[in-house]
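Two complexes are shown next, each including chain A; its partner changes from chain B in the first to chain C in the second.
And now, the complex of A and B:
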């Protein structure tokens, strides 16, 4: 393929695609409203049954918790795409350069996802919902009937100034790098040469270190603290594996879509094969971390720790096991062979399936601590998910259409194009 | 479309080698005579080896009471060394399997010695784990026998049992992987001895090379087997040290029971393994004049892996420390306080300094490309990783739930002697390996010559109009 042909490749975000995405989002909104309306009556029943003051039974709680699930799920995909972007530079990878614009586009969703998380946190702080029990200041007050000695012990960590300062620092740092990286790759298209590439390597390494330390703490703050008494040292890495696999699936889906439209002919079977390997490998990583966390807690059976899984076992039993099984067994069995990883139908099927079940995994990270036994996957949840999915795809495709599909001046482009395994 | 490697990548085979240069230079130590330094080091290693086994004989003859372990600190020096050695082995499997799957061509210069190191390290680990049972002549009970043999089966619920299977599987696969890779190289050595007219050596290497003929069919099978073994070994890199960590983490001992243990042990193992590979290779490349094959770039890559795994270990240390406070569990909090400020504070701070702080020096390109600095830091890392296991095992045990049984642990000279003995054993084997086996996978090395040899890269760069300095 000649250089001229590569230059002119641009993703055309057609009116038809936009319309379809709007329909998807509209459908999501309708289902969401329907879900809210349908649950209004149900809410009173739940409240009545629990003495009328269980905040976890409130409909508002469920809506906010869903917002957090989707904001975190899709925001984390963008975060993992940013991580992946940095990783490719730090490890000086050539084969992924050919679809670099895809993960660069996915990373642009980062500010949106993080702002949604920030809004959920802020609303919780001002009493709009009760997902984070520790935000209720009366738990720290020894004279209050809500006093909680375990949370009082953690007060220094959850104190407003420290909490908000670090959240803003993490979010700010990630967005700063993401925007910087995006700008540099577009600049490289115009300037050429190796200098931007070399700068990217250094910056990527710095980001990876920053991300390595902050991503764990962020998942403790935003997710683990929902189960305010519970703790697990592995938690951050487990959440990280989940976001990584979500991002890999997103790349594959977009790539297959573009290839389907005949727009990424230069991405050959070896490239999709390698992406398939990533999906396979990170599924194993996720399962490995799932197992490590679950088995060690189950085995030693310490009440303070095992309560976390007990809750999931009691109220989410089916979903809990099915999620683990699907996310492990399907990629393992279906993507084991070389041919499967080169076959778009296999990739599409397994990708779609585990994308949904990793959403369920995020759902189960958040729901047991925020709504407990009042959970459900109904019109409300599906609607919110579809709305987010549509918006997420719209945002990414829009970003993709704004820049050429090939990072034409990347020094490793030629090596990447010749990728053959 | 051409599939040339980018000119930005530095060549992996320096010095404008031809195919025959590669064979000749790698085989030189096998064909020549050892110099007096080899004999000197070998003698020291053998003496240490014999010394260690005398200490083992003492232990078996008089009993496990010869060791400093006591009722409170039931595991100490023995398991520290077991985990340390097993951990060192991990880099070999990572280099041979994971780097193969990631198509990292620089692995070809180092995989052979790293795999050899793995096997010898696992053997050293086996010494401790078989001896620590106290009555090693009954160790066959570690394996399940049929009930007719006279007893019920082993306890499959115990992570110690999983360890028996994990380590023995790991050893077997590593050995097979290593040997498979050696076959074409043995054939190469065989052919050289044939030309030189040395029938005795030719015969030995003929047997070792399993009739390798170098046909396309042989290579095709070779590559298939390598991939399959890499696929099997990769989960083993994770499972072995994860299961070793579960020996601790499934318990309810403060400082042991923490969920991050499995991945953090794996990262730590790779960290220490790469440090040991560096220690060995920095000497070997010099003595055997292999600087053109194991270049500064290789050393830099390994140092980068050390920074990465060292930082992962650092994140894990800090996570543990933080959660011990955050959890509000007093026992957990005390265990960590005791590590940092208790009677074994020196081992904790030794661990932190050697494992977390010192590898950060590799962020400076000057340091990570300096042979002397790398050599010193590789030893520092190995000391740090020894301290890590000591901290985990001894400081967690010596002050347990019952203050009346709190005590201290001091190693006896016999235990120290056994440790020195395993180091002697490790070096004895490694020195023998270096004399009779090709220390670089030269047949595989030839496959990257055209894409990554210095003269070919230079020619390619010139054709692109780029000036390069190699």
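And now, the complex of A and C:
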């Protein structure tokens, strides 16, 4: 395909696609409202049955927790896309240049996801929900009946000034890099030359260092602190592996959609094969970290550590094991062979399946600490997921249609097009 | 067989070699072997080699390794000395403490697959201690690319010309 043809390629976000996505989002909203209405009655029963006022049984708690699950799941995919985009520059990768606009488009969802997380955090701080137990200031007060000596030891870490300063720093830093990177790649289309490319390499390397530390601390602050008494040293990597696989699946899905439309004919089987390898490999990374965290805690059996898995075992038994099994076994068995990684049906099936089960994994990270035994996957959860999914795809596809599909002045484009393994 | 002629075409550059290989194959001559100082991208495809089946071997060795490790941990922890009780976790059955056996099983799988692959490769290409090298020209371990062909005597002149045309720096007929 000649360079001139590549220059003119643009994604056409058709009215029909938009309509379908609005229907998906509308369906999500209807299910969400239905779920809230249906659960209004049960709410009192749950509180009565357990006696006293358990904030985890409140319907509001469940809605906020769901907002956090979806905001984090989709926001983290955009974050991992930003990371992956930076990684391609820092490692000076050529094969992925042909579809790096997909990475860039997925990363544009980052501000939306992060703002949702920020809203959940802020509402929690002002007492709107009780997902973060440590936000209740009375737990640090020795004269209060809510005094919690373990949390009081962590007071310096959870102190308002320090907590909010670092959250703002992380979110601000990521969004700044994401916007900068997006702007530069579009500028390269107009200017050409390799000065932008060289600048991108330096900035990407700096971002990767920043991201390496901050993504880990962010996952402690937003996810691990839900179970505020518990901690795990590899938690950050585990959450990171989860968001990474989500981003890879998103890339593959968009790529297959574009190929299906006939708009990415220059992407050959070797490109798809390599993305398939990423899906295969990161699934193993995720399982490796899941198991490393689980096995050590299970083996040493120390009460304050094992309580984390005890909750998941007791109240989420089926989902807990099924999530691990599906996310490990399906990519392993179905994507092991070379031919499978080059076959769009295999990629589509495994990708869709583990996308859903990685959502379940995020669900399992947040729900046991925030709603515990009052959890459920009903029309409330499904509705919120569908609404976010529709909005997420809409946002990305809209961003994709705004820029040419190929970074035509990228110095490695020629090499990337000839990718052959 | 003694009616066949052995031709060695020696190239200085891998691009020319690839061109030569394609030309020879297009004219339906059989390439016996190609010797290169480093793996040349796309050469296996150009010679018309079938895809390697070593991945299937790796899978079988891996399964063997996993099976052996499971057998070993079961025999030690459950059957022979068992039920061994470590940290309040008695091994009455294998499945009770399966997470504890995963690291061993994983390592054994990787060990068997890795060593099995290397040994299979050495055996298949017959690179073993004491075996004399099959390499017809030691310069192919330095900077030369050598294509070995077997042709009928009447085709000799045609093939030699073909090799020369595609940039062979040297052509030897035996």
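The criterion applied here is as follows: the second predicted complex is superposed on the first by the 420 of 421 C-alpha atoms of A that agree within 3 Å, B and C clash if a C-alpha of one lies under 4 Å from a C-alpha of the other, contacts with A are read in each partner's own complex, and residues count from 1 in each chain.
The criterion applied here is as follows: a contact is a pair of C-beta atoms (placed from the backbone, for glycine too) under 8 Å apart; a residue touches a chain by one contact, two chains touch by 3 or more.
The shown structure was predicted, so the numbers you read here are calculated from the model rather than taken from an experiment.
Colleague: Taking chain A as the common reference for superposition, should the pair chain B and chain C be classed as clashing or as fitting?
Modeller: clash
Colleague: Let me test your reading of the model: by the given contact rule, A:19 touches which partner, first (chain B), second (chain C), both or neither?
Modeller: neither
Colleague: After superposition on the shared chain, which partner residues are touched by A:146: those of chain B (first), chain C (second), both, or neither?
Modeller: neither
Colleague: Using the touch definition from the top, say if A:154 reaches chain B (first), chain C (second), both or neither.
Modeller: Touch partner of A:154: chain B, not chain C.
Colleague: Which holds for A:300: it touches chain B only (first), chain C only (second), both, or neither?
Modeller: Both partners.
Colleague: Would you check which partner chain A:183 touches, where first means chain B only, second means chain C only, and both and neither mean what they say?
Modeller: neither
Colleague: Should A:414 be classified as contacting the first partner (chain B), the second (chain C), both, or neither?
Modeller: After superposing on A, A:414 lies in contact with chain B but is clear of chain C.
Colleague: Based on the A-chain superposition described above, do chain B and chain C contact any of the same residues on chain A, and if so which?
Modeller: 295, 299-300, 420
Colleague: In the complex of these two chains, what residues of chain A are touching chain B?
Modeller: Within the complex, chain A touches chain B at residues 1, 92, 94, 150, 153-154, 157, 194, 197, 209, 212-213, 216, 220, 231-237, 284, 288-289, 292-293, 295-297, 299-300, 302, 304, 411-412, 414-415, 417-421.
Colleague: Show me the residue ranges of chain C that touch chain A in the complex, using the header's touch definition.
Modeller: 41-42, 55, 59, 87-89, 99-100, 102-103
Colleague: Which residues of chain A touch chain C in the complex?
Modeller: 291, 294-295, 298-301, 336-338, 420
Colleague: Quick check: in the complex, which residue numbers of chain B touch chain A?
Modeller: 1-6, 8-9, 103, 235, 238, 242, 246, 249-252, 257-263, 311-312, 315-316, 318-320, 323, 326-329
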